[in-house]
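Labels for the chains are A, B, C and D, by order of writing; each one numbers its residues from 1.
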Amino acid sequence: MSKWRFQTPGIPDDLFIRGDLPMTKEEVRAVTISKLRLKRDSVVWDIGAGTGSLSIEAGLIADQGSVWAVERESEGIELINQNCEEFGVENIEPINGEAPAALADLPAADRIIIGGSGGQLEEILAMVDKKMTAEGRVVLNAITLETLLAAKESLSKMDYSFNIVTVSITRTREIGNYHMLDAQNPIYIIAGERRR
Amino acid sequence: MSKWRFQTPGIPDDLFIRGDLPMTKEEVRAVTISKLRLKRDSVVWDIGAGTGSLSIEAGLIADQGSVWAVERESEGIELINQNCEEFGVENIEPINGEAPAALADLPAADRIIIGGSGGQLEEILAMVDKKMTAEGRVVLNAITLETLLAAKESLSKMDYSFNIVTVSITRTREIGNYHMLDAQNPIYIIAGERRR
Amino acid sequence: MSKWRFQTPGIPDDLFIRGDLPMTKEEVRAVTISKLRLKRDSVVWDIGAGTGSLSIEAGLIADQGSVWAVERESEGIELINQNCEEFGVENIEPINGEAPAALADLPAADRIIIGGSGGQLEEILAMVDKKMTAEGRVVLNAITLETLLAAKESLSKMDYSFNIVTVSITRTREIGNYHMLDAQNPIYIIAGERRR
Amino acid sequence: MSKWRFQTPGIPDDLFIRGDLPMTKEEVRAVTISKLRLKRDSVVWDIGAGTGSLSIEAGLIADQGSVWAVERESEGIELINQNCEEFGVENIEPINGEAPAALADLPAADRIIIGGSGGQLEEILAMVDKKMTAEGRVVLNAITLETLLAAKESLSKMDYSFNIVTVSITRTREIGNYHMLDAQNPIYIIAGERRR
């Protein structure tokens, strides 16, 4: 039984083992997973998986499916393994490699997260288009203007329909009797699928 | 089988029947449901249920539990019924009445959403505290400063632990070849539980 | 003497005559004018001047300089004239024409606002670069992703130094005893100058 | 002649000497000063002046008036003095003391900034009401929910008319060829005046 006993995404940040890697914050994970529209038997690629926090969320919900967590940093792979153990999740396969090359041998996916692209977004999206199932969905998280731009241009060229939202979360931090505003960096979430 | 074939919250706004009532937007619903931490057998109160969009999300995920959708406007009750039918959801019970009075006879809940309080927030939270199960959670959505303030003060007096985030979503709207920024009103989401 | 008796920008929206044209909101005008860094004797181009609200702000502060308010819609030109009269501002020259063509005969400017570009941003920036004084500054307001990205690309190619901020203003609207959150659309403000 | 040769507020952050004190960011200063509606001969109180960045902005614009920069920390007073020298501003008087006590002997002001209140906001606003001129304006910057709510309640009781905006600025930070989103903490700006 998993450490996370709930059906809903948005696992609190501090339940993950993080090391020094940046991690997608819980509220942004909730929206990202929501845009992904998971099924219990989804096959998921999580490209640029980092600490694996999105993989864990996806693995718990797609409990009859599987998640391929692609990450080029070996530090990330270790954290993904640790988090899988921590959360008792067994349907996640960490892949230590660089996209798009590392994607070539993976099974076709119906749900694809792109959290990092190492400057290869166009090539990665071409591979996604080649291997994603007919009714598949791809969701990108962009924290730079350049990634936003590249995603928009590539998806337009591929004639995908897509939708872009910016998510800005402000937390409050208790300091004595005060709740201070504490902005999290905004993130662009782009969700695309083939035109039907 | 439901019209919504996915395991994840954040059902697109346009799948709901809305009438003229305001509706919690899909990204805000995703975060709200995430803060609620649903189980499959959760018993949920949705106070100020409006069109029932949060009730539907909760009912689909808590598929072995039940949702009590409390709404004082009969127009809302009708929309909730229509949306239940539309989505094929059968574990939602619409209650046409005003909180806190309308809550008195409901079964104890472990998950409580407060989307509207008709100026009775303190009294509603007192009732919540009386009838919520030991490990229950209450999540409030506030769109006014006054509701934020009242929630913060009441939860402090009740010695609940709570956490406040502001969620600001900007969508983009396609106009010709342009993606225009289109701000949604921010919302305060306050999630509380008893100190343990 | 002007209707606006203060030295500071950010004139309240409702003091302007607006017609049906969109208008840059007062808080965004305050930041835009701040990024422009006006002098009393600045010569300003306001390209895509709309209702003239930014021209009026600039004209009042650059009271020994002049403002060329370029707008292709004759409805805008009329509003600019009306607002000049309303505010008693006499150093603004409305130019009914389309940029960049309409800019060719204007005197060199040291401060340039681009509020609208009609899809000709690259060409307009080329003209700006040709006619802006050595220590000039150009400030763009973008409400679409495409304009943001075109500005970023053009300024990069021109080897300008530039800086981008997103300004998100949420107002509160009083409804009875409540202050409701009321989001204004975010705007990207890009301020550039030649590298020195 | 001042180091800042422009007529407009929003002096870049890095032109100030800051020490370890927090400082109001340039875009927020631009909006704050805009809400203040300065005249050249305004008498300004800057309560909780910190590094003096708002005092400097006000002193430059109200060049025939004066600014009383009230700050309880002696580190702040030193920074204010250094910044006055740095910017060549001579109409700012630093007052080392705690409001409201430190305000009792100041000359009446027509423009009042409250950037910090040390938990004494209600008492400070009572003093403001006593000593502010008939057409005066007071502008508060709040970074906590408690200050926002205290300001709202006190101004309501005092029957002032007031207006609240939240300003959220996201900067971009260049990292290699990327522009990363970099959120600044949002701030509530509350501008009030007596009902007329």
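Please note the rule applied: a residue touches a chain if its C-beta (ideal position, glycine included) is under 8 Å from a C-beta of that chain, and two chains touch if they have at least 3 such contacts.
These are the chains along with the protein names UniProt gives them: A, B, C, D = Precorrin-6Y C5,15-methyltransferase (Decarboxylating), CbiT subunit.
This structure is a prediction, so every number in the text was calculated from the model and none was measured.
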Checklist outcome for this item: Quick note, more Cb pairs in contact for B-D or A-D? It is A-D
Item to check | Inter-centroid spacing, subunit D versus subunit C (mean Cα positions, whole Å) | outcome: 26
Item to check | Averaged-CA centre spacing for the pair subunit D and subunit A, given as whole angstrom | outcome: 42
Checklist outcome for this item: Two or more other chains are touched by the subunit D residues 145, 152, 164, 166, 168, 170, 172, 179, 181, 186
Next on the checklist: Which category does the touching pattern between chains fall into here: line, ring, star, complete, or other?
Outcome noted: complete
Checklist entry - Which subunit B residues qualify as touching subunit C in the complex? => result 143-147, 168, 170, 172, 175, 177-187
Item to check | Residues of subunit B that touch subunit A when the two form their complex | outcome: 5-10, 26-27, 30-31, 33-40, 61-62, 152, 163-172, 179, 181
Checklist entry - Which subunit C residues qualify as touching subunit A in the complex? => result 145, 148-149, 152, 164, 166, 168, 186
